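Each chain carries a letter (A, B, C and D) given by its place in the written order, and its residues are counted from 1.
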Amino acid sequence: MIRAPWTLCGPCVCHPTVIDPLAPLLKQYADVRAHSVALAARLSDEDQCVQSMPDASPTKWHLAHTTWFFETLVLLPHVADYQPFDRHYAYLFNSYYEALGPRHPRLQRGLLSRPSIQEVHAYRNYVDRAILALALDGIDQDAIDLEALLGPLELGLNHEQQHQELLLTDILHLFSCNPLLPAYNPSAQRSAQEQTPMQWLSLPGGIISIGRSAPEQAAPELPGFAFDNETPRHQRLLPPYQLASRLVTCGEYKHFIEEGGYQDPQWWLSDGWAVVQAQQWTAPAYWLAPGDPRRPDAAWQVFGLDGVQPLQAHAPVANISFFEAAAYAEWAGSRLPTEFEWEAAFGTPGLSQMMGPVWQWTRSGYEPYPGFSPRAGAAREYNGKFMVGQQVLRGASLATPHKHSRSTYRNFFPPTARWQFAGLRLARDL
Amino acid sequence: MIRAPWTLCGPCVCHPTVIDPLAPLLKQYADVRAHSVALAARLSDEDQCVQSMPDASPTKWHLAHTTWFFETLVLLPHVADYQPFDRHYAYLFNSYYEALGPRHPRLQRGLLSRPSIQEVHAYRNYVDRAILALALDGIDQDAIDLEALLGPLELGLNHEQQHQELLLTDILHLFSCNPLLPAYNPSAQRSAQEQTPMQWLSLPGGIISIGRSAPEQAAPELPGFAFDNETPRHQRLLPPYQLASRLVTCGEYKHFIEEGGYQDPQWWLSDGWAVVQAQQWTAPAYWLAPGDPRRPDAAWQVFGLDGVQPLQAHAPVANISFFEAAAYAEWAGSRLPTEFEWEAAFGTPGLSQMMGPVWQWTRSGYEPYPGFSPRAGAAREYNGKFMVGQQVLRGASLATPHKHSRSTYRNFFPPTARWQFAGLRLARDL
Amino acid sequence: MIRAPWTLCGPCVCHPTVIDPLAPLLKQYADVRAHSVALAARLSDEDQCVQSMPDASPTKWHLAHTTWFFETLVLLPHVADYQPFDRHYAYLFNSYYEALGPRHPRLQRGLLSRPSIQEVHAYRNYVDRAILALALDGIDQDAIDLEALLGPLELGLNHEQQHQELLLTDILHLFSCNPLLPAYNPSAQRSAQEQTPMQWLSLPGGIISIGRSAPEQAAPELPGFAFDNETPRHQRLLPPYQLASRLVTCGEYKHFIEEGGYQDPQWWLSDGWAVVQAQQWTAPAYWLAPGDPRRPDAAWQVFGLDGVQPLQAHAPVANISFFEAAAYAEWAGSRLPTEFEWEAAFGTPGLSQMMGPVWQWTRSGYEPYPGFSPRAGAAREYNGKFMVGQQVLRGASLATPHKHSRSTYRNFFPPTARWQFAGLRLARDL
Amino acid sequence: MIRAPWTLCGPCVCHPTVIDPLAPLLKQYADVRAHSVALAARLSDEDQCVQSMPDASPTKWHLAHTTWFFETLVLLPHVADYQPFDRHYAYLFNSYYEALGPRHPRLQRGLLSRPSIQEVHAYRNYVDRAILALALDGIDQDAIDLEALLGPLELGLNHEQQHQELLLTDILHLFSCNPLLPAYNPSAQRSAQEQTPMQWLSLPGGIISIGRSAPEQAAPELPGFAFDNETPRHQRLLPPYQLASRLVTCGEYKHFIEEGGYQDPQWWLSDGWAVVQAQQWTAPAYWLAPGDPRRPDAAWQVFGLDGVQPLQAHAPVANISFFEAAAYAEWAGSRLPTEFEWEAAFGTPGLSQMMGPVWQWTRSGYEPYPGFSPRAGAAREYNGKFMVGQQVLRGASLATPHKHSRSTYRNFFPPTARWQFAGLRLARDL
C-alpha cells in the first residue's frame, strides 16, 4: 500500500497559519489522490496494464496521466526549477493536449508494460511531494501566487475524479471481454431497492436559468467549482413538459427486448439501426442472455463490478448507448428529455434517481452555451474542442466519486458508447 | 430529349373545371419533372451511371428514385389497380425507407449499369402519365380524395427538388475525381460580384418565433409547404448577438490557409483535426493549389460546375466541411451562428447573401424542435430518423432549385461533408 | 460499328513484297484488335464504364489500356516524331508499370466516365493507323528495324488477348452484382456434353522437360510466342502420380456442398477457412441456391455469360477459388496436381478437358523457373514482379481467345479469386 | 522462481529401471519446460500479459498454451480419469485446432489479464506432475502404451521449443512499440564476429535427396524427430548454382538503403512495393535512423534483445521481411536460394552461418512435399493447413532453442513478417 506523503507530517497541524482556501484543498488533494490508488488496489499488475478498446485506457495509464496533469499544469508553471520525474512521461501520458506537444498514440496505451506499476506509484509520490512542498512554501514565504495556484489544482482534482469513474468503467469493459468474467469487487452489493410505480411529473417550462457562472468567478470557494462547459449561466425558454419520476428499469427494458425492439427499425434513429445491425446488438452491453455459454443459466443475467448476477427487474437499466435509450423511448411512446428540461426539473419533489445510479442520456447534442469561452492556457482544450458529435448525459452514476456530482454537470459521450453506466429517464410533451 | 406527357394535351385547357389547388400543382409537377431531365441532359450515359463515393448517387439513380417516390407514395395508395412499371424497381430505387422493404445497398448504386438510361426515362414517362391520369380522373369523376393526394404529391415534388441539388453536387464530385476535370457546363458564368466590406450587424435577440406550423395546417396552399423538420413553430430565447453582413470569401479563406490554418490544431475541433490529418486536407475540397499537376498554374484555381477557373477572391468560399467552417471562425476570432440566430436575423436590412450562393453551416446540431412529430406513413422516415450527429445548414445554394428555398429551411449534413456548396457566415456575441 | 483502318486499303494486297514475318502479324493484329471491339459491342456505354471491384476493370478501360500498351511499347520507341493521342492517357491507362510513370489509382478506374467510349474508339483507330503506317514504312523504306518491332508487337497482341478474357470475366462479375442478373449474351449455348465416368490415369513421372525456350529465341515465328514466365525450358523430377481423366463437375461439387463441405474446417486450408467464414461462402461464386430471391426456383441455378440457367450436373464446376478447389480435393480424398504434373501429362491419351472450358487450379505457387530472367525494358514488369502469393492455373477457359492457349501457359491468381472461369482436376499419389 | 516437480525427487534415480526411450525424454521434458519459465523470468507480470499485434502472443499465453498442448494431446488421451486443471482453459489456450473446439479469438489474447501469471504457473506445475506420474506409472506397472505416449510427448516438446522462440520475438516486438525501448536482457552481448569477405561457392545440383523419413519411422529415437512438413524424404533435380559463403550483413544492407533501395520500385515484387508504401518502410524493422527521437544519435542504431546498440556493420541483417530480402537480392544482382538449394548445400565446406544467428528467407513458397501426409489426430492441423501464401525459411536463429535446429527444418512465415530474426543469404545461377 502506498502512503501519501502528506500523511507523514500532517500539513494542517504543522502549519496552523494556512490560509483558508488552501487547507481544504490540500485535504481534498490527499483524499482524491488516495482514492485513485485505492480503486486500483483491487487489481493485479496485469489488470492494470491492459487496454481493452480504443476508447478505454489501462488503470496504470489513468494513474500516471492524472499525475502528469498536475505536473504539467501546476508544477511546471509554478516551480521555477522543477525537474520532471522522467522526461519521457510528457510523451507517454499526455492524453490529447495538442498545445503540450506530441504524445503516445491513444490506441497503443495498452502496449506500455513499462514503466511498471511501481514506477508509476513512485511518480505519483514524487509529484505529490512536490505539490505539497509548493503549497507549504507558498504559505510560509508568500513566494507564490496562491490565487493562481488554486485554479489549476482544483481543476486537476476534478480531472482526477473524472478519471476515477473512467478507471472503473474501463476495467469493467476489460473484464467483460474475458470469458472468465472476473468480478472487480465480488463483495459489493447491488442496491435491491423496490421498484416504485413510474409517475409523470408535470413541469411548467418558461424562462429558466441554466448553467453556472464563469469559473473565474466561482473560485476560490471549492464548492463553486464548475467545468467551463457548464458556463456561462444563461436563460432558456422551455415549453411545458413531463418527466418520469424515476429511471427506466431492467424489467421494463427486458420487455422492450422481448417485444422485438432490437429487430424493428421503426424505433431507431438511422445511424443507430446501422450500428445495431453491424454490431449485432440484442441487449445492453453487459447482459447475458439465457443460455450464455460463459455462465449458463435459464434467465437473464447482468455483468457488473460485482461479477455476474441475476437480472434485477427493479434496477435501472445501464450500459446502453444513446441509440438504445432513444429507441426505447420511442417504443414507449415518449422521448428523451433535453438537458435543459433535466436541469430545470432538478429538485422537483417526487423526482427520484436524479443523481444515480446511472447517467441519463438526454436528447441534447453537446454544444457550447451562449457566450461560452473555454479556460485559458493548456486547459483550453479540456472541453470545448469536443463539442460536436456527442450527446449530453446528466446526473451521475454509481462510479461517480463522492462530491463530484451536481445539477449543472454536463457529461458527454458519442451516441454509440455503451461502456459507461448510462441509462435513461423518459420525457414527453405536455 | 424527353417530352413530358402533359405537354401533349395541356390539362388545364382540356379541363377548365380543374379545382384550384390541383392546377398549379400539376403545373409545378410538369416543371419539376422536366427540370430533372434537363439537368441530366448535359451528361453522357456513362456520366449518369457512376457513383463516386458512398454519399453520392449516380444521376440515373436520382432520376429513378424520385420517380419511385411518386409511384410508391402517390400511385400505389391511390390507384386501385396500379401496375408497377417493373417489380424490381422497388428494390433497386428505395433509398432508406425501412418500412417499404429491403433495398439495394447504397454502396452499390454505381454497379447498376442496368436498367439503362432509356429504361429509366421510360419509367419516368410511365409514372408521369399515371400521375396525370390519376389527377384527371379525380377531377372528372370525384373518384379520388384530392385532399389526400395533395400532400404526397407536394412532398414528392419537394423531394425531387432536393435530389436536383444532389444530382449537381454528386456529378461535380464525380468530375472532381477525374484527372481530366471535365466541366458540367463550360459556358456557365460565375458571378463576379464585387466584394463589399464586411459589416457586423447587431441583433437584439429576445423571444423569437422559429419554424413553421405543422404541415397538415399548411396544405393545400402550395407556398405553405414545409418539411416536418421545420415544425412546429415555437419560441426561442436568444441573447443579443452580431452577424456578418455577408459570407466569408475565397480571398479571406485563402488568408487562413496561408497563415497555416490547416497546420495548427488550436483552431480545430478535436474530430475535425483528426480528419484534417487523416485526409490530409489543406484547402477546400475543389481548390487546386498552385502547381497542381492536373492543371499547372502559378495561382490558386477552383474547380466547379464550369470547370477549372482562377480563384475569385470576392466569391464566397464553398465546398468546405463544418469542421473547416468552425476552424475558420475560430481563427477569425468569431464563431458560427446558431440556426436560430440565422433565422431570427432573416430579413434584417444590410444582411446580404442569405439565400446563396452557398449554404451556411451553423453551430447547431440537427435536433427535433420542441413538440416535433414526424409525418405519418412511409414519409415518417423522411427526416426525423437522421436527427443525430449532423449539423444544420441554413440558406440555399446556387444548386438549389428555384422556389425551393425559404427562411425556415433546415438542411443538414455530417460535419465532415465537403461536396455540398456550403460555406459560412461569421457571428459573435455582443 | 468501328471499322479497323487496315480494312480500308488491304495492306497485303497493296504491298505484295511484305516480308514474311510481318504479314501474318499484321493479319493477327487486325483480328485481335477487332475481336476486342466485337466483345464490347454487346454492351451499353454504361456497362462499359463501371468497375465492380478492385480486381476488375471497366470494359472501356480494357479497350484503352491495351491501346496504350501498343502506343507505349511500339509507337513511342519506334516512331521518331510520334504524337500521343492525348497527353493524359499515359496517366489514365497505365496499369502497373512503375517504370512508365505515375498512374490513375486502380480502385478508381470506374470513376472515368470521361473519356467517352467514342473517344476511346477514336484512340484505338489513331493507334491502329499509326501501327499500320509504321509497318508499311518499314517495309517500303527499310527505315525501321523490323526485328526489334516484332517482339513488342507480338507481346502487345498476347497482352490484348489476356485482356479479352478479363473483359469477359469482369463484365460477368459486374452483372452478377446487379439484382437483375442481365445476360451478356442470352443466345449463347452452354455445352451440354454428357458426363463421362471419371478415370484415374497413371503417369510415370521421371525427369520431365517443362516450359519454353527463352523468348528471344522463339521470335520471329509467331507460333513460338511465350511469356517470359514460361521460360526457360528446364527439367523437373516427378514421382509417379495419377490424374483424373476429366474435370470435377457441378454435380460432384454440389454433393460436396450438400455433405456440409462449407461448414467443416477439416477440409480447408487455414486461410481458406477464414475466408469462408468472413465472406460467408456457401457455394461457387455465381451459384444461386434454391429459393434465391433474385430468381426464385426450387433447384440450384448458375449465373453465366448467358444469364441464369439451371445447374447442369455434367458441366465442369467454375468460378471457385483455389481454397475451394483444394478443399474439394481434400474432401474427395485426393489433391490438386502440381503445375508440373499437369504439363507433364499433357497429351496423354484419355485426358480430356485439358484446354477448357475452365482453368485448372494447381497446388503450385507462382514462382520463377530456375534460370528465369524477365524481359528487358518496360515489359520487365509484365510477369516477374507478381511471383509471390499467387497460385498457378493451367489449361484455358471458354473465355480464352482462340489460339491463345498452350500446354506451357502459366496463368496465376490469388488463392481467393473466384471471378475467373476456374475449376479443378483431381490428382493423387501413386 | 518456479521449481519443476521432477527436481524434487529425481525420477531417473528413483526408478533405475526406466526403459531407454523414456528416460532421456523425461530429462528433455524437464529441461524444455524449465527453459520456458526461465525465459519469462526476466519479464514483469505486465510484460507477460500484453499482445502487441495480431501475429504475436503474450508471454503468459505461450506458457499456458504449451501446457494445454500436453494436457490435450498427452494427458487427456492417456490418463483415464484425468481432471483438467480448469475447464475454461481449453477455450482460452487452444491456438488454432478446429477439431478441438471453439477458442478465444486470437486478436484478444492480450485481454486475458486473468488467469494470472501465478495461476498459469500453477497450471504448468499441475500438468508437469501429471505427465511425470503418467510416465512413472507406465514404467512401474506397464499400465500404459509407452510407444503411443512418446510421439505426442516428443511433439509437445518440439512445439514448446517453437514457442520459446516466439516468446522472444514477440516480447521484442512489444518492447519495440514502447518509446522507452526497454531491453529484454541488457547484459547480453552481441557477437562481434569479424566480417569475412563473401565468397561464391559453386554447387553442382543434380538429383538430391530432400527432407526426412516419415515421423512414425523416426520415433522413438529422439534425435530423429521431425515435423510432418519435413516428410517424406524425396528427390529433387537441381541445376547447378552458387551460394554466398555467409549471410548479408548490416553494413551491406545499409548500403542498399543509402542507395535509395526503399524508394525504387524496380527492386521490389509488386506486393512488396505496395507494403513499402503503405507501411512507409525505410529500413529493417528495428533499425533506428540517425536522429530518431527515441534515442537521438548521429548514426544508425539497432534495437534488439539487449536494447538499443550501435549498428554493427559485420552482423547479419535481421528483422526483414521476405519482400526486403528479395529486393536486396535483386539490387545485388542475385536472387534468394530455393529451400532445396539451401538444404542440398548444407555441410558444404566454406559455407558459414547456416544455423544462425538469423533464419534465411528462401525463394520457395511453403508447399507440401510430394507424398506429404499430415500427422494423424489433432496434430493433423499442426502444419499442413498453413501450406499456402507463406515463404519457407531455413537454418535457425539466435532465439532458436538449443538442439532444435536441423538441416531439414522448414520454418515458414508470410512474406510481410518482420518480427522474426530473419535475414538472407544470396544465390545465383551458374
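Here is the rule we go by: a contact is a pair of C-beta atoms (placed from the backbone, for glycine too) under 8 Å apart; a residue touches a chain by one contact, two chains touch by 3 or more.
Worth saying up front: this structure is predicted, and the values here are computed from it rather than measured.
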- Could you name all chains that are in contact with chain B and with chain C at the same time? none
- Message: Suppose each chain is reduced to the average of its Cα coordinates; what separation in Å results between chain A and chain D?
- Response: 45
- Could you put a whole-Å number on the gap between the CA centroids of chain B and chain D? 60
- Item | chain A-chain B separation of Cα centroids, rounded to whole Å | 39
- Does the chain-touch network form a line, ring, star, complete graph or other? ring
- Could you list each pair of chains that touch one another? A-B, A-D, B-C, C-D
- In the complex, the residues of chain B that touch chain C are 44-50, 52, 60, 88, 91-92, 104, 108, 110-117, 174-175, 177-180, 182
- Message: Show me the residue ranges of chain D that touch chain C in the complex, using the header's touch definition.
- Response: 96, 98-99, 207, 234-239, 265-266, 268-273, 322-323, 326, 363-365, 367-368, 370-371, 381, 385-389, 391, 415, 429
